[in-house]
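First chain A sits with chain B, and in the next complex the same chain sits with chain C.
So, the complex of A and B:
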């Protein structure tokens, strides 16, 4: 009956229940015409807790489920309205636009705005001001691909309309909706990341929390050129806000790391890229002096691609061996330093990098010592400190293991990393958490299969970031 | 300047319907927006014109110089970047604007400024089937980028989870 009612109406109208929950009312404004999208009368069997009996009703139920989740999380006196429809979007057999969501407008200098001269998305602006600034227009626009799964449109891969987070190989519509609505609620900069230009000369509220750790500046204090450079500084763009960072400690997984305790010149915590061969790192770790292998004519490089010389064997026995990337595979290096008695291996990258180093690939059941990659810059710092070593003793002491003070997805200063690949990826860059986050986060640029439908701790940090922007 | 404007509109409902403002056909602009203060640097992305919601008629019209000053707040942002909201197009003399155009800054009587967004700011989710049959999701901004991503025959750039380079190469 409901579909019939919907079909009789034309244009946009409020449909379904107003989803009054603990904190906010979120409504779906059905913008589909009769027989289309939410109003599709094609019979459907219940799936994953979605009891709709038509395709259209199941789509609407999924939207309402996502809306209810956000409504139960956020506080807003004005209703949050999502104008939604299903339509043909670009696709071919191998790829497809799933859908989109975004704010319909941005606002600044409204009554109740915490920051002046700063853009806020419409929903947040309304919540902060306590009234709908534009009562005639929904705050968020969402549209999704009506053809997904049909021949020629990511053929055979359909939206999963269940509500139970059990999409299998299908695309979990609820997860995609939660993510896209997150953008519509404010998890997004309106500043152009590729050239650094602010929207009409003013920053987004999101920009106030984007911190470039290299420049030690937030985006609002940068020039356009600095912002553009920051947007591609992988591992260097972080979130400065304490709400996210305090919560992240309890959400994210402790990270593999190298904790250098001496000498003071290089003491600190370093991120490492773990190996797919050898034993996994653990919280106990391996503590030893760090000693370099030197087997090249320059007197400072050690590739460890052949059996180590007597001098190198004496040097690394019982130590964590420091070797350089190049010439042979990682597991061969590990075999050679292991044969010389090393208790662990650090591979210094031979190209510059930032953030968390890539891992070490390969399979080798003969390797029994832990091996990791470290950034070239970190390796050079350690080598500088190793200049004062003797043949058998090193001033550098470190523990290689799972560091309970580091988190996967945060930098070593305890700041949440934001996605900043090089080259810039419009739409993905900046407006997402970094992909190094573990556990996986809803607002990473790719929606991972192990996500729950949660948006706040202990599973997720999306709500915390929205709180940082001003949401309650 | 802004206070002056606010004072002048006491009693007018606050921005009740900023985009539904086509009631009047007598916007009577006092001065075209093109008369904005000189020396305003244009942003490389600055594309919007500037209009104000007339406190009396409710219609959109070009701002006076005072209103323009209130809209842009003058000055520069820290870091040395000039304010970049200089208008590129003035509202044509006297014509009522049924609805603010996308990208147009609208100055409301209480000093609030709004901009209607279009698809160029929407975030589009793109799914791609990888050679091993997995579905990888990524995102792009704007409908044009989304269409372009798909037109690359399934080679849309997506953000792979995990580390970029973990092969056992040399």
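So, the complex of A and C:
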């Protein structure tokens, strides 16, 4: 949810109840009608520490649990009020929108605003100013999918209402609640990502940290067209803020990578897609010169689908072989370069891509060297550097392994990646972490089964991003 | 750099180049021209030395100039010209340089020294290093000297031409370092400077030239 029109929604049963007493008080304003949603009287058995006896009460209990978590995490003098209800949301048999939430209003240039001419969501604006800027209106609006699990709506997969993070194959409602409240607390842009237009011509505080690595600009310094293009640049849209990125090093998993140490023109860290055959990459890695196989008339392509020629055998012996995707399976290429004495294999993709490249499929017990896929653009950069090679030595030196300085979910420059699928996905794009994050993060666009209920490091980065925006 | 000499001489250095940064060559009057056929390869021309291939003879590890078989398209013929700034040479003007390849596994690297009357484009080959059909190119830095002067002082174009026939199987890489052109006041270069006569045709040509010179 991205705009103030949400505040126009009204409810028949508004019943404020204090749910959390901590550094911040988070309350629910129950916006459901009688017998619906939080008021559903269907009897329910206690589950996972949730002792409610009706479906509605269990939903409220789960909400209280999530509210208490955020209340214990954040600091706000004004109470944070959440108008919430259950209703039909988009879904089909295989997927569903679990919930949606956002600020009911946005504010700029209020007393205590850290940045001028910048939109802040109501809850954060209140916390920063020390008083409710609009005492009569809840700060956050949240809606949850009332049909989940019913036929035609992620059929058979229901919300798990327990509080013990033991959802199994169900959808953990507490995680969904924590996620949606995260949006309402500020994890969102109010800028239109599909056309790049800022709300009334002003950026969101979130936009100050959206960095496009291709343009090397943040969203506040872009044109509308640049923002719209950035919103669909998968792997190119990142978070610039140091609070998130410093913490992410200790939250996310080291990534497989190719660390090129020479020459300086291409030195750096490259993401790789790992192979399902051959040995797994390790932290020691394989260090060697990189040498291309060339078996096509263009002088720069090597498919390695047959036994290598004499010149190619001499070239790749003891080296990490660079080959191209196409014509034969990946494991056949690996077998051929391995037979020539290569100690590793890089497969250059034959289609453009960004971010972390896909893996290499296949099963082959005969392959004993590590093999990975690299992006076409990265492969082309390496090939350009390789033209000054001799028949037996290469200017490109690299280590292929688990790179302790790369993280799954960050770009090669150590910036957290943001979700930027192409085509644009309204309601999901930009306002989430990228799905490549591992360990999985609460604010990815999908709720993963391995999420905890934590919102801070060492498990999660949501609170760090909110801190970046101005939350204490 | 002056040629080694046991006697008293007043050699005049016309040109000295260590190839610390080959991007400066064009601005200093050099011409780098890749005329490989049927097409220039993935490597468009001369390049700064690669330390992983071998280190420079002197200076930083990459401070030499290099060319390789990738200067021509696959299966093509390399003709990659490195032309010195135009110089006025006399009867005892000597070009000296060092060159090397990295392995004797591959045949076909050839480097020639050619001289033309300034602007004429008609080059005469004075020295040939390597052989189109064998792995004759030196695998360590080796010094070559050749008298590039004529009977009377004249403006000339001096070129070093790297060539390979059929890059699909021939050719590898060469490096050139510590090049100089010196007017030697004594009659001929020191004997030690005529280091390599492994290519007999070249040796014949050199001797012939010296005989001509002595006849003047």
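The rule is simple: the second predicted complex is superposed on the first by the 431 of 472 C-alpha atoms of A that agree within 3 Å, B and C clash if a C-alpha of one lies under 4 Å from a C-alpha of the other, contacts with A are read in each partner's own complex, and residues count from 1 in each chain.
FYI, a residue touches a chain if its C-beta (ideal position, glycine included) is under 8 Å from a C-beta of that chain, and two chains touch if they have at least 3 such contacts.
This is a predicted model, so every value here is computed, not measured.
Colleague: Following the superposition defined at the top, how do chain B and chain C come out on chain A, clash or fit?
Modeller: Taken together on chain A, chain C would fit alongside chain B, as the superposition shows.
Colleague: Would you check which partner chain A:273 touches, where first means chain B only, second means chain C only, and both and neither mean what they say?
Modeller: Only chain B; A:273 stays clear of chain C.
Colleague: Applying the touch criterion given at the start, work out whether A:136 contacts chain B, chain C, both or neither, answering first, second, both or neither.
Modeller: first
Colleague: Look at A:300 in the shared chain and tell me whether it touches chain B only, chain C only, both, or neither; answer first, second, both or neither.
Modeller: second
Colleague: Could you tell me if A:382 is touching chain B, chain C, both of them or neither one (first, second, both, neither)?
Modeller: In the superposition, A:382 touches no partner, neither chain B nor chain C.
Colleague: Of chain B and chain C, which one contacts the greater number of residues in chain A?
Modeller: Result: the larger residue contact count on chain A belongs to B.
Colleague: Who does A:390 touch here: chain B (first), chain C (second), both, or neither?
Modeller: After superposing on A, A:390 lies in contact with chain C but is clear of chain B.
Colleague: Given the touch rule stated above, what does A:124 touch, chain B (first), chain C (second), both, or neither?
Modeller: In the superposition, A:124 contacts neither chain B nor chain C.
Colleague: Based on the superposed arrangement, let me know which partner A:323 touches: chain B (first), chain C (second), both, or neither?
Modeller: After superposition on chain A, A:323 lies in contact with neither partner.
Colleague: Identify the partner contact of A:74: answer first if only chain B is touched, second if only chain C is, both if each is, neither if none is.
Modeller: In the superposed model, A:74 contacts neither chain B nor chain C.
Colleague: Least CA distance chain B-chain C after superposition, rounded to whole Å?
Modeller: Superposed on chain A, the two chains' closest C-alpha atoms are separated by 24 Å.
Colleague: For chain A, which residues are in contact with chain C within the complex?
Modeller: 262-263, 289, 294, 297-300, 311, 314, 383, 387-395, 397
Colleague: Any idea which chain C residues touch chain A in the complex?
Modeller: These residues of chain C touch chain A: 41-43, 47-48, 50-53, 66, 68-70, 73-74, 101-103, 105-106, 168-169, 172-173.
Colleague: Quick check on the complex: what are the chain B residues that touch chain A?
Modeller: Residues of chain B touching chain A: 14-20, 43-46, 48, 72-73, 77-85, 103, 105, 110-117, 119, 121-129, 135-143, 145-147, 149-170.
Colleague: For a test of understanding, state which residues of chain A touch chain B in their complex under the given definition.
Modeller: These residues of chain A touch chain B: 89-111, 116-117, 119, 131, 133-137, 141, 148, 154, 157, 169, 171, 176, 179-180, 183, 188, 190, 192, 195, 197-203, 217, 220-224, 226, 273, 276, 325-331, 356-363, 419, 421, 425-428, 431-432, 435-436, 440, 444-448.
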